[in-house]
Amino acid sequence: MSTPSTRSTVEHLDRGPLSRDEMAAVVARDIPDGSFVNLGIGQPTSVAGHLRPEAGVVLHTENGMLGMGPEAHGDEVDPDLTNAGKVPVTEPPGAAYFHHADSFAMMRGGHLDVCVLGAFQVSASGDLANWHTGAPDAIPAVGGAMDLANGAKDVFVMMTLFAKDGSAKLVPTCTYPLTGVGCVSRVYTEVALFDVSGPEVVVLETWGTSVDDLAARLDVPLHRAG
Amino acid sequence: MSTPSTRSTVEHLDRGPLSRDEMAAVVARDIPDGSFVNLGIGQPTSVAGHLRPEAGVVLHTENGMLGMGPEAHGDEVDPDLTNAGKVPVTEPPGAAYFHHADSFAMMRGGHLDVCVLGAFQVSASGDLANWHTGAPDAIPAVGGAMDLANGAKDVFVMMTLFAKDGSAKLVPTCTYPLTGVGCVSRVYTEVALFDVSGPEVVVLETWGTSVDDLAARLDVPLHRAG
Amino acid sequence: MSRTQFHSGVTAAEAADAALAASGITSGMTVLVGGFGMAGMPVDLIDALIRHGADELTVVSNNAGNGDTGLAALLAAGRVRKVVCSFPRQHDSWVFDGLYRAGKVELEVVPQGTLAERMRAAGAGIGAFFCPTGVGTLLAEGKETRVIDGRDHVLETALRGDVALIKAHRSDGVGNLVYRKTARNFGPVMATAGAVTVVQVDEVVPTGALDPEAVVTPRIYVDHVVDLSTTTGQTTAPTTAPTTEEPQA
Amino acid sequence: MSRTQFHSGVTAAEAADAALAASGITSGMTVLVGGFGMAGMPVDLIDALIRHGADELTVVSNNAGNGDTGLAALLAAGRVRKVVCSFPRQHDSWVFDGLYRAGKVELEVVPQGTLAERMRAAGAGIGAFFCPTGVGTLLAEGKETRVIDGRDHVLETALRGDVALIKAHRSDGVGNLVYRKTARNFGPVMATAGAVTVVQVDEVVPTGALDPEAVVTPRIYVDHVVDLSTTTGQTTAPTTAPTTEEPQA
């Protein structure tokens, strides 16, 4: 883990759960200055807007660029310059382009510090399920999810803690097909931040709820930090 | 084989053996127009001077260049631009540089048409020995020899047919440590050109001697072409 | 022997048709198709492949077609027996979705980085490699695994194509290529993994106009270049200083 | 977290000493040393390594030293326990030759392309690979072999370094690198295979002055840059137009 979880658990009981924007801000807060980071498609992309420019975080996009700039608008839009979500982006000074094999070598070789991904489920031991619902009629599509899950030094997951049907997404064992085994370091949700990198699940922070309340709603044993 | 050996054996009995320069010219003659070629260190390097410019042969040097130019002289000498023998060379239009892993990927991947190497011994089945004398006090040093032997579509060997002690260098089985197994297509010597790519050794051409004379001096069965 | 051939014509279609014909592509072959979404997709070459008529193709590409053009049109024309890709399911992949659900096309899903690395291995003469990606997942089922340096790895094999169709930005007169920004993506890797590589370029510049330090795909990997600048009005003026040497087209 | 650190000083030796100290190199480590002969050899960094004092080193480099400088001087100083290389025996490798014959240094000979590919694998997260080079030779003895697509292959493992010492031509202000001609050789591969990479450059140019399409080693692989232009009189004027932005040194 790049950011040791030696701080004591903090329960923010004087407020409600985090908004999606606040979740992105919390993730951005926890990315160390100077990190090389890959932000997955979807909600993780929103983390970029919360990174302080002076923090010197360098973004990697797996379609072949290091030092990716913000989303492009108007005349800046160039169909040959996109992020992994195929959204047009910009080229700041200090950027570099490379082909797909080199790009995934950078990832698989463990050179990225942090990658932020969405998830269907995360297990207590850090298994990740985010590519396949397991539905018999679903067309499987993995993209770079497995490469990202296995490549970065730290994998941060951003997700709601509960699915629309009310079931928990932090689970003893994933029931969806796995993306990676034991690969997740931390899980950022609207109500709590979990460290799943060690032998037990540690709650680092809560918002609008307490560790005890969460423990009653989840099937995984929770521990406090510090 | 890029150049099928369907022509009949030619015996040049009205002259003596080839000089080193004539050997290089014969090798150059047999390199098809437009080929991508790697010339090994030592005698094979001299083939370059016999390639017709209009033949469009493109030279590869394993230290990281395609489209290598002739040896550099005087003000052209640049210590950052050398061939695999560490001799300064030049950069003609259309050249490209790449790193060592990419350079040997080009070779190992079978993209070169011809490579020309020296040898201690070649076996009747095309085994090559050119990196190690097997002497107990010899310091082993292989360089790119094994990569070259296994990489090019055709491996041409240039060597004298007999060692200084009079022993033949085209042998039933190599006694020196091997560089590659069954990798040699053709053997160019001062007295004969052999095709060793098939199940039997075929003499394509002789200089200053006859196939019958050679057959009497070698331990490998020789066949005529055509 | 693999000196690069250049193709141009009155229309882009004529040039692309000539290149496809010269590539030797036939039914049942494996075709590598560049691009990440539409960036780097060789649309003119795919259109020529449709006109060419080869079918029962295995197509290797990151996606399985967008909208109704490019790969999607090739699929719609019924020319594809199997798709090897990392991400077929997209919001606009209706052509593939329909064929797949109807059982009319096979699918092999490969993690994106493994897809690139398998083609890189093919081009580099590596028969197979042990890779940590996918271990413990459905995509590693049935594959050999091994612990190396304390970490689980799965064995992945080289993936080669009979023909690679890619898009680059510029070629010089002998077939050296450069790309534009993230449109580079799979092009350089596929160029090495295809037995025959066909590339469409925005323009051909004089030999000597590309910086040898900046060439991404050396000419040895390029068999046929389709020069779209001779046929379309979309190209921009060369930004590199032209030399007096003409392309050897 | 691996933001590139820049080192400069009144003398080249001071800058190199600071970089070596910051690299965390210690006795017993594996050091990757760039260069093919003298082209691309990071002589200033090797000299700093000699002054640093770390010993019992395993050195991975294409050759085993030429003459009495660079790697040869490191060997002569008795700091090297083992050499991993493709071609130790040269006309001017008398320092290595003497140590080897006296039994004072171990030698592992690796085919040149396999040496490069093993480091490429280490940098790319590939644990091992099946390779046709060396099959049936002394250098494949004891190694696992396998027939793939009808061809014999031998299994080769990733080769990583604790520290890589390389030479490049230019760095920008954030650590992106470009090389010069065939001096590029092992530098880009070693940069990816070293846990910590230290590079000596002829000069540091402003960030934005390197073409992003032409960067060979992206900044992520570069931990320490020793800027020799601040200390020597050998550098030439930048040929790329400088911007108003200063290197973030």
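Some notes on this structure:
As written, the chains take the letters A, B, C and D, and residue 1 is the first residue of each chain.
In the analysis below, contacts are C-beta pairs under 8 Å (C-beta built on N, C-alpha and C of every residue); 3 or more make two chains touch, one makes a residue touch a chain.
Worth saying up front: this structure is predicted, and the values here are computed from it rather than measured.
Shared contact partners of subunit A and subunit D comprise C.
Separating the CA-averaged centres of subunit A and subunit B is a span of 55 Å.
Subunit A and subunit C have centres, each the mean of its CA atoms, that are 31 Å apart. Within subunit B, residues 91, 97-98, 104-105, 107-108, 150-151 each touch two or more of the remaining chains. In subunit D, 117, 120, 124-126, 131-132, 179-181, 212-213, 216 are the positions where the chain touches two or more neighbouring chains simultaneously. The touch graph of these protein chains has some other shape, matching none of line, ring, star or complete. Applying the touch definition to every pair of chains gives A-C, A-D, B-C, B-D, C-D.
Residues 36-40, 62, 86-90, 97, 100-101, 107, 109-114, 116-117, 119-120, 131-139, 152, 179-189, 216 of subunit C touch subunit A in their complex. Note for the complex: subunit C touches subunit B at residues 1-3, 120, 122-126, 172-174, 176, 192, 207-208, 212-213, 215, 218-221, 243, 245.
Those residues of subunit C whose C-beta lies close enough to touch subunit D in the complex are 117, 121, 124-132, 146, 148-149, 151, 153, 157-158, 178-181, 211-214, 216.
Residues 61-65, 78-82, 86, 91, 97-101, 103-105, 107-108, 127, 132, 137-147, 150-151, 177-181 of subunit B touch subunit D in their complex. Every residue of subunit A that touches subunit D in the complex is listed here, in rising order: 2, 32-36, 56, 58, 60, 66-67, 91, 93-98, 104-113, 150-151.
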